[in-house]
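I have placed the structure first, in the form of structure tokens, so that the comments after it can refer back to it.
For clarity, chains are labelled A, B, C, D, E and F in written order, and residue numbers in each chain start from 1.
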């Protein structure tokens, strides 16, 4: 599990990096999305991996941290997802705004000199 | 009554949904569910110009449901068989036209649900000029059979359920 | 019998996962955009079923919620893409 | 009078400057009067201080400035400072008077006098500084104010150029001086002048002596226009003549030599000092005097002469014997007197004739006899003619040069005589304008100036003669006090007399006079001195041009550096960031972490397959994103759902829910945006099959970085995952969530209680982004190509072509879907309520609920179109956001009233009849705020985007249906 | 037992702008007057609050000059702690004053065009203030995002092609950087198990082996984010473009945002990698030093290479960032004091300059700029007749004086605070053994100065020279370009903020000693991490609805 | 695994059966999606997934939890309801999109013209 998840994070992150380095704004957008998946999973993984141990402590049971997943990274990821969502939306809108005003979807707002 | 509870059935269903979701009959939840059930249709009424259907002929409906269920299971195994064993090259997947008489939106929706939930057929559209249903059939042997089945087995009961007696609901 | 149940749960998990894999392959190879939408929608559906089976396997209801949400909103992106393919914009 | 504080000497000129600056531009007499009064007041105070300085006394005033650095603002007056003060103020007063008549009616003199007095104040600051940092402050102020003075006639390109050149050179020098002074402070342990002067031996013995000396010397030499920094001075002649008379006789350039004299006890007396200061002086003195001969502009001649005389003083200081220091001080004084009067005389000539060109001017003696007489006397003093002050100090100089080389080395003496010869020659050239026939074609008819314009010249010339005839009586005391304040115990015996008998110095003087006259005659007769436009032999030495080229080279070099080490493009910047992410830890972290061995048996096959899908989708998206946006979007969605499943698998149901919702809304968002992007054609379609090598290089480089980054993060996560966790604060939350947070969903309690503050920030981010999007889209202008109706809608194939959106839902192809989707609306509303209500105890919460609600609404937009929905529903997203934020904030603030910190959660326990006990935690209200903000922000964003289609439809309808050739649908 | 009301002052810098922003959101453009005054009232409140905080921290009201606010009443490593000390208080004051000036400036024009300027402005203030106050790493991330999200909107404010091009860069870079922040944060949590800065600092000495390596990697990642924000070479290429594109009041605020990065580096590094940090002590200091130096060089070259005022201001900000980073990397308490003084002064100067640019641009019509350039290039003599000085109308006099003041401050020439700051830094480098604590810093005997110290001095001096050369070049071309200048109409609301900022700078010079004293105490405090660790972690919660008085957790509960 | 051991045999058997059938159908549906020739055939693959596949699994879940927790657990009905409300829309939208895309793109071999309901109009 650990190995798989690590490799998965690596591959998703690598795809994201590749895209972020591309010249078209849509590519960068996809890259940022992929990178944030990877980063969210990475934060999540910092609480280690737990199966069938959601951090719920129903009334009437004695909460036992030793058998429940670490809730803190989850809370952090939650906030990170939301913020990532907001910034993705923003980047998208700036992307189309840039396309509208500059006439190109190149990230620099102008086609490179060839 | 009509003003505060315009759609009792819908409200009841929503309240049921609420209780089902919470898996409880705790009085607080019943109250909350009732409130939601009443409020939700009222709050959304402007966005639902058709209003909600009044279903009649429950027996017909049950019969239709039974027939359809059998048809679904049968078609499902047919499709599975085709996928697993058939010679794809000789598979005859075609669009067919089915002339419809039913006009009621809910009736048509129910029809589309039945057709789409039955494996092997996919509702494509109703052609606006001719009011013919275009259907895609996965493994077509006899187009006429399909037209007949849909018209008699599905459309007729649905007309009975949705269209027989006058208008339904209160359009916004 | 418990063994049978465990085995069948395992089988169901494997099947659901295999189904997801097949969907993913269709998603990757396309060839047309509508193929991809279809594959993505089915991927969501298989994911929902996987969650459901995981729920049985671990005996908790938590997975159910996720499954429910997948069904409830999974279709939105599908019809959005479909409408985009049909009309070139999703809100006219 | 004596009780007046010294600081007035510095403050009065600045006060005058401020007053002058405040006077209107048109006033002429008032600024001059103000300037004169303030200067005069300061001068009187300064003169009155002489008595206190009698026997090597120092008057010192201390004001607190920066005690933290051991810095006081010290006004310190000793003999040297007194002498300079008198020069600065006295000549300043004369220049003020002179300028009153010199400046024309159009000149805004208020500003002129303001600059002038500010400069004067800065000079006084330099002269009276009791610590070196303070000195540097005023030093830089003189650079600044002189810049303004030189550039006073800002319309003239020469003035701007001269001002910039002077400023750049002297400021650079000033910064060197600052550094040098810092080193001195470091060596001595104090910046106070007295301490530094007393620590001469310590300084000279210190390893940092040479750097300090060089830096201080750079400061002094630039200011005094010494070789190789001399070039700025002639260009500074673009200033109005009163400015030249002031800056280049008594003040600005003298600041440099002042500094050298001032620090002579601390830095002087070493071979390094002699070589550096003396060397620069000798070259300057020869060059300056030689160049002066060949100038055609009278001011230019005086400028080079000034350079040369400053060189002379510098040489004297470089020689560094006590007597030479005395000579230097004496010459500083004499030079100020005769040079100021000469500049003013030139100004008069310029003012009355309209030109300063010596090739044109002739016989002015006839038109302005008095001025001519004055100028001739002053230039005689400049040439070192006996009975004038210039002769005295020059003779001391000759004596010192002869002394310095002993009996073997006569080089210095030859140089001195050569300089003497040249100065006689240029002085003759200078006075030549008074002789001969009166020139006819002058711009103006020459005549004597007004009485008071000549008066300052007369004063100074009288002084020349007075000093020259009876030096001991006129300046003996002053010189003694000034010199002794520098030399202290080393004060030599000297005799200020006109006649010292026949000695070597007299011989040198005589030789210089005779040979100089001869040289002038030869040049005039044999070498067309009057017609020459450039200096023989040395004309290649163009300091100014070197300066300009240096500046240009600096600029170009900087541009080159920026082009080489910087970029304005995004990709390289991201490249740097990404590669830094890999490289910097590699460089900095040592030892590196180790990776635990891989155990393939631990791999859960199903999970591996799951991520095989996820990874393939990610890689596929990376591959497709350029030409197949929709495919890439779908694949990103694939990775998204795999991520969500991973979350639910690994015990994070809240994350899974959130991920799913975000996934959906993001997809909708991107689809709304995609319409505005240009179609991108695959290279195959464009028949571009082969990528150029540069592309291959770029791709390999990027993939290398991508792989590196991926490996890095994979290794880090594997390393962490295989280690046992440290004692973490996470356990606290598990233990307290229910008992004290009042909720059994620990993650939710974290969000609304333990770390509610984060959530508050998070909803603010959402709001800010939504507002930004809204503001941006209000003024969105689509590219011309994307205004056109999408290809899909323009196609005749589809019967929907001419249907309005609402009609599509009423009886078009959306009729049936509309039935379903409208039924879903109340259902989704209930679901939103469900996920909201249970959030505190089970997975869910305000965020997820808000997104579900927003999704339900946006589906309605998709079904029936913007117009229809908005005519049936008034959603005011701004208010949702606002209420949401208020709700969250006031829930937090509510705790204040109960005496608790912000956001402290409280639970109201209600006992209701039928319903039993109800818990109403305040966190619930907080979560409601979150819900409202999420709905508001999401709707605001989505609707703003959706409205663009509407607008473009309107545009397209207006623009007679722009039909762009349908290139290809986006795959 | 309840909270003393003054404790709430720590929270006000975050909450007040948030409330003001929330109130501003639904107001439509027709209410621009109300919007402005609402915004203005909020900022005035922030100024007053910051002054009060300075009084509380420096006046001995709070032990160790630290006020700690436990949000939601959870004790420190668990909940989010806000911490106001002298350093954060002065930064809050700087923010409020700069905000006041920018907002005032925007009254005439910028606040009215477009929508939501004021709301976003308030959110920006909230983000910046939060970043100064928070003592929790993840909360820091959140406030960074608040600040950035608002700044994205503000940079785009006044939507044109140039702004949107710049925003693309600015946003993309910052999004990528934010991801690095999260990576770093995650690694720090994974290795230390905590997010509270003081708690992290307390746990760092216990780290060893792989944990330490991973922790350092995490710290590096976070540092990369901060350094991107503070525009260290080669991470700061976005800055000049963004500054030049943004509208003046926004650009002025951006100057401060650049400093937030450096502030965080200062705070975190002194806390986490202090001498008490065991094996991690001093981690990365050299990189900061050399990076800062490279940044100075880059910024100086940039100033010299450009003719655009906005870019020039950007490069000036880069120089000051570089200087600050080098100062932090040099690692000497009294140098830090001067560094903070420099930070404040240079922020005021560059901000004033950015505001001024708009006014200057009104005289620098394209034609005049062109003419000035060609005249210089070809040394065209444009005044063939007798040179005559020109009367300077009051407007021009103001503009040129203000410009001169900005130039002097940016270049660090006397007599404005730029010089005092630089002198303070030189002095500190040259007198390493004097700890600037007492009001009377007595200098003692010489010590050897490391080469880096000399290099730093040289770089600061040279960058100042280059700054003054390029500023002068610009000024001469602008104010002394003849014949084509039209004295522009200036509005009082545009002039006042510039005067205000410059007045503040002059005030800094006059009150240099008092300010240095304050900053020395601030710097002294942040060089004592143990105090922070002790204070933050022992701050008691109130007994009451949510938490028990002293959280003692039994980490191994009985198995059910 | 919680409670699996305590499940009565009959229930375990039925649940297993439902699981096996449902999962097999799901897999077959996905196989169809992958293997069938044209899009119009492939769209029928997932149809069995959402009907019998999902239905069996939902029944299995319902039964399992009802028995395991000894109380009626029927909330899987909600999922069923949602499937009924969404799956038909999804298929018809995708189908129609596909048809008109293929028609617009003039792809005669895609399958949209099979059955002669739709025809490709040649451009002038």
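Worth pointing out:
In this text, a residue touches a chain if its C-beta (ideal position, glycine included) is under 8 Å from a C-beta of that chain, and two chains touch if they have at least 3 such contacts.
In this text, all values refer to a predicted model and were calculated from it rather than measured experimentally.
Between subunit E and subunit F, the least number of touch steps comes to 2.
The minimum number of touch steps separating subunit D from subunit F is 1. With chains reduced to the mean position of their C-alpha atoms, the one farthest from subunit D is B. Simply put, of D-E and C-F, more C-beta pairs touch at D-E. If each chain is reduced to the average of its C-alpha atoms, the one that sits nearest the average of all protein C-alpha atoms is E.
Centroids built from CA atoms put subunit F at 17 Å from subunit B. Separation between the centroids of subunit A and subunit E, computed from CA atoms only, is 29 Å.
Here the spacing of subunit C and subunit E, counted between their Cα centres, is 49 Å.
Under the contact definition stated at the top, the residues of subunit E that touch 2 or more other chains are 138, 142, 145, 149, 152, 156, 159, 168-169, 172, 176, 183, 187, 189-190, 195, 555, 557.
Chain contacts: subunit F has residues 29, 31, 43, 45, 50, 75, 78, 82, 86-89, 92-93, 96, 100-101 touching two or more partner chains. Looking at subunit A, residues 20, 25, 28, 40, 42, 45-46, 51-52, 54, 56, 63-65, 72-73, 79, 83, 86-87, 90, 94-95, 97, 101, 107-108 sit in touch with two or more other chains. Touching chain pairs in this entry, ordered by label, are A-C, A-D, A-E, B-D, B-F, C-D, C-F, D-E, D-F.
Looking at the complex, you find that subunit E touches subunit A at residues 138, 142, 145, 149, 152, 156, 159-161, 164-165, 167-169, 171-172, 175-176, 178-179, 182-183, 185-187, 189-190, 195, 555-560.
Contact residues of subunit F toward subunit C in the complex are 1-5, 7, 9, 12-13, 15-17, 19-20, 22-24, 26-27, 29-31, 33-34, 39, 42-43, 45-46, 49-50, 53-54, 57-58, 60-61, 64-65, 68, 75-76, 78-79, 82-83, 86-87, 89-90, 93-94, 96-98, 100-102, 110. Of all the residues in subunit B, the ones that touch subunit D in their complex are 10, 14, 17-18, 21-22, 27-28, 31-32, 36-37, 40-41, 43-44, 46-50, 105-106, 108-109, 112, 123, 125-129, 172.
Against subunit F, the residues of subunit C that register as touching in their complex are 1-2, 4-9, 11-16, 18-23, 25-26, 32-35, 37-39, 41-42, 45-46, 48-49, 52-53, 55-61, 64, 67-68, 71-72, 74-75, 78-79, 82-83, 85-86.
Within the complex formed with subunit B, the subunit D residues making contact are 799, 811-813, 815-816, 818-820, 822-823, 825-827, 829-831, 833-834, 837-838, 860, 864, 869, 872-873, 914-916, 918.
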